[in-house]
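In what follows, structures are represented as structure tokens.
Look for chain A in each of the two complexes below; its partner is chain B in the first and chain C in the second.
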Partner chain A sequence: MLRKLTPYLFVAPLMIFIAVFTYIPILTSLNLSVRQWNFLTPDMPFVGLRNYEELLASAEFWNSLRVTVVFAVLSVPLRLGAALLIASRLLRETVSSRLLRGAFFLPSVTSIVSIAVVFSWVFATDYGMVNWILHLVGLGRPQWLQDPYLALWVLIVVNTWRQLGYDIVIYIAGLQAIPQELYDAAAVDGGKRFDVFRRVTIPLVMPTTYFLLVISVIEAFQVFTIVNVMTKGGPAGATDMLVNLLYEIGFGLFDIGRGSALAVILFVLLVGLALLKSRIIGSKVHYEA
Partner chain B sequence: MKPENPFVAVLSLVVGLLFLSPVLYSIWMSFQTADDFYAGRVTFTLDNYQRAIGQFHFARYLINSVIVSGLVTVLGITVATLAAFAFARFSFRGGDLMFGATVATLMIPSHISLIPNYLTLAKAGLLDSYAGLVLPAISNGFAAFFLRQYMRGIPKALDEAAYMDGATHLQVLWRIIVPLSRPAISSMALYIFIGEWNNYIWPLVAVGKQDLYTLQIGLARLYRINPGEGLVDWPLVMAASTITILPVLLGFFLVERHLVRGITMGAVK
Partner chain C sequence: MPPTITRLVNVVHAPVAHPRYFTLIAIPFAAERTMIRKLHAAVAVSVFALLAVGSSAEAATTVKFWHTFNKTNGEALTKIIASFEAAHPDIHVEQEFVGNYNDMVAKLQAGIPARRTPDAVILEITRYGLFANNNVLTDLTPYVDADPLKNDLYDFAREIGTIKGKNYVVPFNSSTPVLYFNKDIFTRAGLSVDTPLKTFDDVLAAAKTIQAKLGSEGISGIGAPGQFARWGLVMSNDSELIDPKTNDILLDKPNTIEAYQWMASLVSQHKVASPDGVTDEDKGNALFMAGKVGIDMDSTGSYGGRKKALGDNLVVRPMPCNKVCSVPIGGAGIGIMASSPKEVQDAAYKFVSYAASPEANAIWFAATGYLPINKKSATLAVTLKALETQPGIDVAINSLPYAHGRARTTVVTWMRTNEYKVWQSIALGQRKADEALKDFAEQTRKENQRAGN
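== the complex of A and B ==
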């Protein structure tokens, strides 16, 4: 009897923590999303789908969705393109390529709050690094974080700077899996370097690109810290990404019902994307002879 | 390693330094007085660190971060190792389902549990406590999955020999599996520690008392004290920022290869 119980005892702690802090909260969110509540009142009346209706009728929600999609559409190609180019230059096992990989990877383990604070200075209007350089070459002094058009770009740059090293590491692993013979064959056929990159490298590294594409879109939909520290969603909602809106509705306005409805919508979006990812990885292309 | 072209080596160094220049400059700036920084003079002072640690409580935040990240790492690794052992070595009713539920947590975005976990901990009276910071971070599906894969690679004959000698399950886990899984366990411990050290949104909602701020919250608040342009005491903020990144930065140089290997193994396979 005791022998049969053994494996359950070993998994019990993990299962309890996962249940209490991951799975039950999904049900709790669903339940709260059809209620009206502000943390304080003793009861939380059932209001049906009203929270969802109000959310979908609000300009804020569509603004946040638009900002988030724009962020993803602009930042993902930038990240992946830069990462692939850099990774393809860092394949050789030399001291300098090791060092550079380390330098590019460093930000992805660094505190996002620190990065956000440091880049708030980099893009500060006065005494900031970028405007100091622009000033040296005689250009103007843009108010990067106060300008609705520029602020989102600043966040894109900061996020790219942090995540690039991760993408590079994954691309290097993907590129190293491409058999050297294919490059040799392309070289024998007299392919120029750029042609080889376009005709051999890019198609063969496609599975890695799909993987990173989905990962980074999912990641873009969860960006919060840089928004909270650098812009608070402003100016005028220009950087009010979805998780920031969720935080503001839930913990700024204490509108638990509407915050939970937004959490559920975002959850459905992200799990959909994640399922897409596992299908892509399931159908991973093999190119062994 | 292959021999280097010196030109490429120098160029690489320059590119690396340029890429990291914002952080490198922020560390440099943290040793300047505010007046000298704004006037463009070069000096050296530890005053910003003294103020950050004393007047602005960063010693306290540092201790809190060490306690919280340390507890999450130790408890998280223990819980993940126990479960991974069961998933790797036992076949039991519901085992596949539970393993599936563990792996599925990787797809579940953390924001969905933000409000519910806040309510759970409020009900338990654990907001504004170390327990409130630590408990929701303990379960780590990725670590459990990763360790299970690794443990499956350890020959079963080793366990069986030990069981013949009368060892218990716990003894097999502790004497055979854990020592042989050390590279995987240390990769995951590092991964959990760094993740928790840099965690922001949960301490932001779970903690209101300044005594319990982690470095991330303390730094964000310090920066936001003077959000107005030109009013920010940048050298002071950069000293606080350097305190916040330094432990991970130092660790990074010691274990970079472990980390990169862990990430590649986890993502590509």
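== the complex of A and C ==
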């Protein structure tokens, strides 16, 4: 009996941790999403699907969904593409490669709030460094954080810059796992550099790409700190991504029911996207050469 | 039990300084005897220390106090708390800075279900209604009625802490918006220090001159008005956002729309205000303090910080009186949580009362520029010295005859949270003021109904 229980005892601490910090909050959110609550009173009347109906009928929700999808569609390929290219150039074990890997990775371990505060000044319209340089070379002063289109791009660039180092490190690990013989064979066959990259490197690094794709899409849908510090969802909702809207509804307007409904929708959306990616891309991922 | 352990147990259990204690232990070795003696001493010291700590913890009541003051204002508050604790050694005020007014509301609201709330809390004067109406705050009326302090408070200070006749907060940091300008920038732009700044046209003319003369040096004419200043400018245009008496939504009143149109024109049409301040109010304030903005409108509570930054170049004027002279009373008061035990509430009220006392209020006024709320503080040496040595600190006091309390119903919090987006859309030219404000007024009315005001 004890022998049978032993494995469960070993995994119990982790399972308890996951239950307390993941599953119980998910179930609590589910429960709160069908109630009306503002934190202040013990009463949480059951309102059925009203929170979902109100959310789906609001322009803010659809705007946030649109902005988040645009952010993900633009930032994920940019991140992964740049990371793969840079990683392929930093494969060699030289001093400069190691230094550059460290330099690229540094933003990943830097406080997001600090990054966001610094970049909000870098991109300030009248007093920012970017516009100061543009002004020196005779160009105008774009309103980076006040123009609805530019503000989203600024967030994409800053987020990509921050995440790039992590993606590069993972890609380097993936690229190093590709057997050298395949490159030698391609060279013998007279393969050009670009063709080798397209036909050997990209297919064989697919497991890494797939992993990073899943992670980066989830991250793109959950981006919050950079948005909240740099734009607070502005100007006028132009960068109001789903988690920022969730925070605003929950902790700005204190509508916990509606905030929880949004959290549930986000959860379903992410699970759906993961399944979709698995269906479309999963079959194209080769784990062996 | 092994003999050594038996001896140790005897040591630990032996009554301290009991005459039998030394005879109980038969220790064969000198070293062991020394060790046991040290252990005994350590136990005795520990017991004494524990008793001392325990008795002091029992004697002092701790009041957890959440507030919104850092830097210059935070230093002044710490000074007030220290003098309160010196006068009340049985009360310890455990202060915690939690961010700005918005952060405070968010943190307090999140803390309530988690039962991690303070005992006393600073709440912005238009937003405490949310908590009062939900029975989160203690009704302070019995405390205030029994406190001689009530006779010493200015009428405005007594009024802003009450909802439907019940007192929920005692004002601590009251303010009105004022108009600040940088004397050095004015002089360099060829403007006299006495340049009239009474109407919207006056302010715009001065801002245009600064922008034209010094824009190439990276200096803006005026800072984009923050939310408190926006409210003040609407009032000076003879309107309101929400009627403080009837709670009617006035966001789409023609004079409100006109005021917003003028404010937005500073950024989008005349380009005398940096758009940076539209999306980030803190950035606007920082730029003024860095000497990059000529004129700025903000709370008198920022006087201390601005004075520190600009020194004698800081000039303070009343807010413009465009159609009428009328300014909002802002700032915050201290409320006490209904969930705190009675003895802690009593101790918290002693602090609340002290914070509004002449002595504390004088320190606060002199250090920060917030309005005096206690009539008796006016005659104290600290106040007199501040009035004499800090020109402009009295501007807000002089505005009091036309200062008014604002609506503080539940919907105000909702309205203020959403107003930022509406302002941004107008100021950055994405929506017309009348269209945006009419929509916003409708939404606010719906929310008002939903909230059951």
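By our rule, the second predicted complex is superposed on the first by the 247 of 289 C-alpha atoms of A that agree within 3 Å, B and C clash if a C-alpha of one lies under 4 Å from a C-alpha of the other, contacts with A are read in each partner's own complex, and residues count from 1 in each chain.
Everything below uses one rule, namely that a contact is a pair of C-beta atoms (placed from the backbone, for glycine too) under 8 Å apart; a residue touches a chain by one contact, two chains touch by 3 or more.
This is a predicted model, so every value here is computed, not measured.
Chemist: Following superposition onto chain A, is the placement of chain B relative to chain C best described as a clash or a fit?
Modeler: On the shared chain A, the partners clash.
Chemist: May I ask you to decide whether A:N131 touches chain B, chain C, both, or neither, giving the answer as first, second, both or neither?
Modeler: In the superposition, A:N131 touches no partner, neither chain B nor chain C.
Chemist: Going by the contact rule set out at the top, does A:A103 touch chain B (first), chain C (second), both, or neither?
Modeler: After superposition on chain A, A:A103 lies in contact with chain B alone.
Chemist: For A:N51, decide between first (touching chain B), second (touching chain C), both and neither.
Modeler: So A:N51 meets neither chain B nor chain C here.
Chemist: Is A:T239 touching the first partner chain B, the second partner chain C, both, or neither of them?
Modeler: Once the two structures are laid over each other on A, A:T239 reaches no partner at all.
Chemist: If we overlay the two complexes on their shared chain A, which of chain B and chain C does A:S64 touch? Say first, second, both or neither.
Modeler: neither
Chemist: According to the stated criteria, A:I112 is in contact with first (chain B), second (chain C), both, or neither; which is it?
Modeler: Touch partner of A:I112: chain B, not chain C.
Chemist: Going by the contact rule set out at the top, does A:F251 touch chain B (first), chain C (second), both, or neither?
Modeler: both
Chemist: Is A:S75 in contact with chain B, with chain C, with both, or with neither (first, second, both, neither)?
Modeler: So A:S75 meets neither chain B nor chain C here.
Chemist: After the superposition on A, what does A:T201 contact: first (chain B), second (chain C), both or neither?
Modeler: neither
Chemist: Please determine whether it is chain B or chain C that touches the greater number of chain A residues.
Modeler: More residues of chain A are touched by B.
Chemist: In the superposed model, only one of 80-88, 224-232 or 278-286 in chain C has C-alpha atoms clashing with chain B. Which one?
Modeler: 278-286
Chemist: Under the contact definition given at the top, report the residues of chain A touching chain B in one complex and chain C in the other.
Modeler: On chain A, the overlap between the chain B and chain C contacts is residues 120-121, 124-127, 146, 251.
Chemist: Which residues of chain A touch chain B once you look at their complex with the stated criterion?
Modeler: 4, 6-8, 10-11, 13-15, 17-18, 20-26, 28-29, 32, 92-107, 109-122, 124-127, 129, 146, 161, 166, 169-170, 173-174, 208, 211, 215, 218, 221-222, 224-225, 228-229, 243, 246-247, 250-251, 256, 259-260, 263-264, 266-267, 270-271, 274-275, 278
Chemist: Mind listing the chain B positions that touch chain A in their complex?
Modeler: It is residues 1-4, 8-9, 12-13, 15-17, 19-23, 25-26, 29, 37-38, 78-80, 82-83, 85-87, 90, 92, 95, 98, 101-102, 105-120, 135-136, 138-139, 141, 144, 169, 194, 197-198, 200-201, 204-205, 215-216, 219-220, 223-224, 229-230, 232, 234, 237-238, 241, 244-245, 248-249, 252, 256, 259-260, 263-264, 267-268 of chain B that touch chain A.
Chemist: Under the stated contact criterion, what part of chain A meets chain C in this complex?
Modeler: Checking each residue of chain A against chain C gives 38-41, 120-121, 124-127, 143, 145-148, 231-237, 248, 251-254.
Chemist: Along chain C, where are the residues that touch chain A in the complex?
Modeler: Touching chain A from chain C are residues 102, 106, 109-110, 112-113, 130-131, 134-136, 218, 220, 274-276, 278-280, 283, 287, 292, 413-414, 417-418, 420-422, 424-425, 428, 430-431.
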